[in-house]
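First the structure, then my questions, so here it is.
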Amino acid sequence: MEKSAIRDPGFYLMIAIGLAALFIGPLVVDMFTIMQVTQYVVLSVFALSLGYIWGFGGILSFGQAAFFGLGAYTFAVASINIGETTIPLILSFLLPAAFGAALGYFMFYGKLSDVYLGVVTMVVTLIFWKLANHTAGPEYVIGKARLGGFNGIPSIPTLNIPGEPDAWLDPAQLFQVFMAILIAVYVGLRLLIASDFGRVSIGIRENETRASLLGYDVRKHKVIVFSIGSGIAGLAGAMWATYQSFIDPNAFGMEMSAKALVWVMAGGVGTLVGPILGVILLQWLTLKLGMMELLNSFVVLGAIMMALVLALPKGMVPTLRGWALTGWTLARRGRGAARAKKPGEEGGAG
Amino acid sequence: MDYFIVVALEMVRAVAWLVLLSAGLAIIFGMMRVINFAHGEFLMLGGYTVVTSTHAGVNEAVAILILAPLSVGLFGIIVERLVIRRLYGRILDSLLATWGLSMLMIGGVTLIFGNTVEGIASPFGGMAIGAYQVPIYNFVLIGFAALVLFGVWVVLKFTRAGLIARATMQNPAMAEALGVRTSWVYMATFGIGSGVTGLAGGLIAPVTGVVPTMGVNFVGQAFITVITGGAAVITGTLSSATLLGTISQATTFLAGPVYGDAALLLVALVLLRLLPQGITGRIFKRSL
Amino acid sequence: MTTINRRLFIKSTGAAAALSLAAPLVARAAADPIKVGGLHDLSGALDSIGIPMNQVFQMAIKEINDAGGLLGRPVEGVIYDPQSNMSLYSQYATQMAVKDRVAVVMGGITSASRETIRPIFHRFKTLYFYNTQYEGGVCDRNEITLGTTPAQTVRRVIPYAMNLFGKRVYTIAADYNYGHITSAWVKRFVEENGGEVIETEFFPLDVSQFGSTISKIQAAKPDFVLSAMVGTSHLGFYRQWAGAGMKSQIPIVSTVFGAGPEQVILTPEEGNGILSCFGYYEAVDNPTNTAFLARVKAAYPDNTPTISEISEVTYEGMMIWADAVREAGSIEREALWEVMESGKTYDLPAGKVSIDPKTHHAIRDVYIAELQDQVFQIKEAFPQSQPEDTQMVCDLVADPEANKHYEISL
Amino acid sequence: MPLLEVKGLSAAHGLVPALHRVDFHVEQGEVVGVLGHNGMGKTTLMRAIMGFVKVTGGDIRFEGSSILGLPVNARARLGIGHVPQGREIFPNLSVEENLQVGIVGGKAAMAGTVAEVLELFPRLERLLDRRGGALSGGEQQLLALARCLCRKPNVMLLDEPTEGIQPSIIDEISETLSALTRRQDITIVLVEQNLEFIAGLCSRVYAISNGILDRQIPREQLTDSRAVSEFMGFVT
Amino acid sequence: MTEVEGYKILRTRGLTMQFGGVTAVDNVDLDLNDGELRCLLGPNGAGKSTFFKCLTGQLTPTRGEITFKDQPITGWNTHDIVNLGVGIKTQVPNLFNGVSVYENVRLASRRKHMPAMAREIAEKMMEKCGISHLARREVGLLAHGQRQLVELAMVLAEEPSLILLDEPAAGMTGDERDRLAQLVLEAARGSAVIVVEHDMQFIRQIAKFVTVFNRGAIFREAMIDDIMRDRAVQEIYLGKQANAAA
């Protein structure tokens, strides 16, 4: 772990891939594919928010969608009212982060843990979902924005160049901006994880008792981690809102929370690449299934989820990394050294 | 006065409803610390068993009271053998696997039955309380909710199997060291929990009808009732169902169903904050 | 843009994968078919409505092809399943418009899904048919809206019911746009006819317990209950209403019951006597309809769908579009608009239908029917009803660039 | 043929070795002691015999046949009783129910009755309705013993029964067990730190240190407690 | 009994901890001088580890008071107590298993010091504890004795004014144990130390004043030589027959 992000080749590889996609992607790929990939980018940011708090803070939230939705609605309401998107984008990070801090205070200072923590986060999501669904009547207006209940808020502005409200981004530019945000979030999280704060988080994940016996305030720490994760989820929500140009209460849905869990789980807890891979794989699959009339898509997705849990409980990235390491060890030491050590650090390539 | 009685009755029915929805889940969670996220689909399966067998000419009571619990119970045992067994002690993994199972079941039932099946009419019709009509079936629901809890209590308290179950729940390793086949206990528990869920699904089918996706509406409420109640199956379920049911129903009467639901969730939230291990984690600790 | 993309397209490896993704499901017929998009929920919460729509959609394609195709080209369906999920709606809509380059799209069920995809089709200039009865108010030249609106249905059924049952109305409605707008129309029409709405209650779509409401309704003692309840959870209301023995006491009138297959999901004891109002029932008595139903039965002998307004109108959409293509000799939307706006009347299973050039909504026959033993019996017909609500806010002749969903204020 | 025979047994906690090639045997009716400090592997040995700890080498034979492949409950039903360290009372069952679990978990043929066992432990008689978790440490220890004896086990694995218990109860336990062994009713493997207790009951005593069970302390040395004290590190 | 004079850094009064019917710590009054090295003896189940947990706030005592550096710390959060200057090595080592030895020790020193200083202290402590060669190894894969040393290095790196060591010598080889004794003695020059241990050889290497626990209560407090000769103490360990040995 002490191998800092700065010296990790995997880290630079990821940034290079990201930058390459950012600059070269729009030149070589048609617009539809760009829009498609934009979606993966947005959801990757969302997946990273959970991947961070779960994998590097040991906080398992079943309600990450609460912040995603909050960010999306914040952006929608603010951008419709302000007529500009830069401030709303910032708000959509800050407001969910603040709410996450408040909820985190409520939970962690109440010493809630594991499954109970999960239920509380889930319940909060359900409350948001119910209330958002209930705003169909004309009396639910914030400034110029009708909340619209089940139908949601349509006509959300596309991102504009900061300071120039009329300079809307075209799909390729939107992709580039989002890709830049993804890279920034990824780099930011990697640096955060490599920082002392991040290392303490990992310590708390590994052994809460020891962390508090070293004098670290576990509760405060968790609140901060949770709040950062909430902010990132909110940012992803805002990106989602502007990408789709509409938002409805399903942004708060259980399904959204559950999807985030599955992405992280499939990709691998304790990595940052894993959640991104999870998004790409599973979203691609969902899309593909919707275009085939072979089987009910629920059957296939359900089967895949069960198979993942039973066969790859650690997720793709750690499993692959384990295989790679085993193979490497075997190749280096010959057959006698089959007892491959576990990878010595989390997130080495992540 | 009539209205007051009707309202009170409706509250009791809401409590009974929560008890029925969550009893099977509570049995499984209390005994095994496994969250069955496919719980809603187990209810759905119970409903489908009743509807299809009734349409095939089976007597309605037989379908609800015998076929539904039996078939869902058997299904539960198969699921335990194939999936849950491999995931003991991994709460989250079992949750995700059963969530996958729930999607699989929704899709599977849709493939087999299609998405629309004619329901069965709720038996018995209505009766008058003063100027009001209430469904007689409400009393059936209340009765069976009470019966389920009472039955579980009798089994746990007075039978050999119940004793073994309670011992396993408190200290599985020690029970094992005393010769208890805990894996059988878990299998049986999952089977019985599923059976109770099947019965509940059968009982609610005439009220709500059946569609493959119906479980989604119930799993959240059941989940919250169980967790709020805490580990004790009977007292936990009863206390949280009573609290959540009456408060949400009262709010529904006063302000409408959205606020009723929101009140249920808020109460659960506050309770969990105050009692992080659920109601029976702090009070009624020693109860069943 | 197009040319650049085509050139770059070949270079891209990612695009090759995307292409294979987008490969249409229906086998390719002869060269260069005309593609038509079908975007209906085939799984998820709304599949019970979406599947019959899709069945009729495919049947219409087959009929067009059997009659020799259009402009000498076969018609090919591009069918995606948005799984009752709004983000998939938006993705597939984009895909149909940008990648598949379909000539026309039939689809969308809820207003939410329509408002998701309508702007996309508008932006990419892909002609779009919305075939569901809805709350009214869409003003967009690119969208042809064939389903009924409150001015066509609520307006008829309210006086009919008040005449039969009395003047005190209790409204229960789904808690979303459709429910809110419809109940506003109900209030207006009840008051116009000298009655009174004593209470309006809204229910989120996931509510399935109605005990408290049933007690409240009994306390209020209305002459009839007007229901704008939607979806499978809300069907619980009718069951619990019957279970409480209320059916014989207070009648129910619905603006939406029978849009899906509700009438065959409820048992006769639960459903009998419910009044509703739509632009189409299977019982519509004309030769076109008889033949149409026979063809549906022949096309789907094992899983014959129950045809409601929504699925019949999907068929209408295909037929009206095909007719326009034949007459215009083109699939360009400007040419098709011209044909459709000409005031041409179509003879369809639902009766006579024409398109109002001001709103691109249908002017059509509307029926009031009563449910008996899972079959609607038509009680009264109202020929050539205008979409007066949308007409209040929308004039595409004056403003062809309009692109808005108005909430009509009453 | 020894009733219980442990041959070359090795076990580990994860990657940390805990037992090294341990050999010993117990004859029918014998009481064998294992003396050792904390962390020397006493409890691991008991748990390995019971089946809770994964064995990395060697064999455990009961009545002549290997039981290595059997799950814990099957070993229990063969007649191996376990009184674990920390007593592991079912805290929310009453004393009587705790005893009944001892009976119902086993083969019907093996089961004694609660009444028989209460004769051995009269102190529990008036506690029958109390919750297990409400008992004092000493009472819990009596209950754990009684619960195990309810099943009439062929061999009883007794893990530090004197830990944290008032002397009066230690004496009571010692007397009860002596009475049982005098009647040749029971075979016991006892791990302990308490020399007096172990010397009072056991015919043979082994010493365990760092997972190695290499010394048998001869019977006569047990009474010469200086030697044992030395072993325990009390005397230089 | 010898009274040791001086500033009392730690003081408990009537400290009691009950679990259901079991009283694990029974009315303990204990005083500890600043800079004192105290050994805590007692058989298994005597309540020593529970006593430590009460001191560090991991358990809230049923009754009684704890004063540390003149502050009443009863009921405080663990981290607040620790930040007043308490370091504990727990009976079963509590470590950050997934990360390296160095990272474990550094996180301990980082609490008080800036990064550069923290690194220096961490390296110094690993050196002191003889685990520098393990610095890059993942803690979860180490042997028990090595884990004990890692935890000790962490406690020392915190530079606490009160060090609690719960069975530090368990699982150690002879050499490791000798080094440990030196370390403990050295640490006791700067801080107050309480050591719980069963290993008598080890105890004799370090102990001066000793407190003996039995069944949750203080049984004896005396200098080590007196304790070693005390028949009653041997009895609680070995049973009555130990009499003969003395």
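Here the chain labels run A, B, C, D and E in written order, and each chain numbers its own residues starting at 1.
One rule holds in what follows: a contact is a pair of C-beta atoms (placed from the backbone, for glycine too) under 8 Å apart; a residue touches a chain by one contact, two chains touch by 3 or more.
Because the structure is predicted, anything quoted here is derived from the model rather than measured.
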Check: What chains, if any, are shared contacts of chain B and chain E?
Finding: A, D
Check: Fewest touch steps from chain A to chain D?
Finding: 2
Checklist line | Target chain E, source chain C, minimum contact steps | finding: 2
Check: Of all chains present, which has the mean Cα position farthest from that of chain A?
Finding: D
Note to self: Going by the touch criterion at the top, tell me which pair is linked by more C-beta contacts: A-E or A-B.
What the structure shows: A-B
Check: Based on the averaged CA atom positions, which chain is farthest from chain B?
Finding: E
Item checked: Distance from the mean Cα position of chain C to that of chain A, given in whole angstrom -> 37
Margin query: Between chain D and chain E, what distance separates the C-alpha centroids? Give it in angstrom.
Written below: 30
Next item on the list: Mind checking the centre-to-centre distance between chain B and chain D? Centres are C-alpha means, answer in whole Å.
Entry: 43
Notebook entry, point to check: Taking each chain's centre as the mean of its CA atoms, how far is chain C from chain D in angstrom?
Noted result: 76
Next item on the list: Going through chain D residue by residue, note those that touch at least 2 other chains and give them in order.
Entry: 91, 131
Next item on the list: Spell out, as numbers or ranges, the residues of chain C touching 2 or more other chains.
Entry: 43, 175, 202, 204
Next item on the list: Note the residues in chain A that touch 2 or more other chains, in rising order.
Entry: 130, 133-134, 296-298
Checklist line | Set of all touching chain pairs, with the criterion as stated earlier | finding: A-B, A-C, A-E, B-C, B-D, D-E
Checklist line | Contact footprint of chain A on chain E as seen in their complex | finding: 56, 58, 77-79, 82-83, 87-88, 90, 94-100, 102-103, 106-108, 110-111, 115, 136-138, 141, 154, 158
Notebook entry, point to check: Residues of chain B touching chain A in their complex?
Noted result: 35, 83, 86-87, 90-93, 96-97, 99-108, 110-111, 220, 223-224, 227, 258, 261-262, 265-266, 268-269, 272-274, 276-278
Margin query: List the residues on chain A that touch chain C in their complex, please.
Written below: 27-33, 35-37, 39, 130, 133-134, 136-138, 146, 148-152, 154-155, 240, 244-246, 248, 250, 286-288, 290-293, 296-298
Notebook entry, point to check: Can you list the chain E residues touching chain D in their complex?
Noted result: 20-24, 43-47, 141, 143-144, 167, 170-171, 198-201, 204, 215-216, 228, 234-235, 237-245
Next item on the list: Enumerate the contact residues on chain D facing chain E in the complex.
Entry: 15-16, 37-39, 91, 131, 133-137, 139-140, 160, 162-166, 193-200, 223-226, 228-229, 232-236
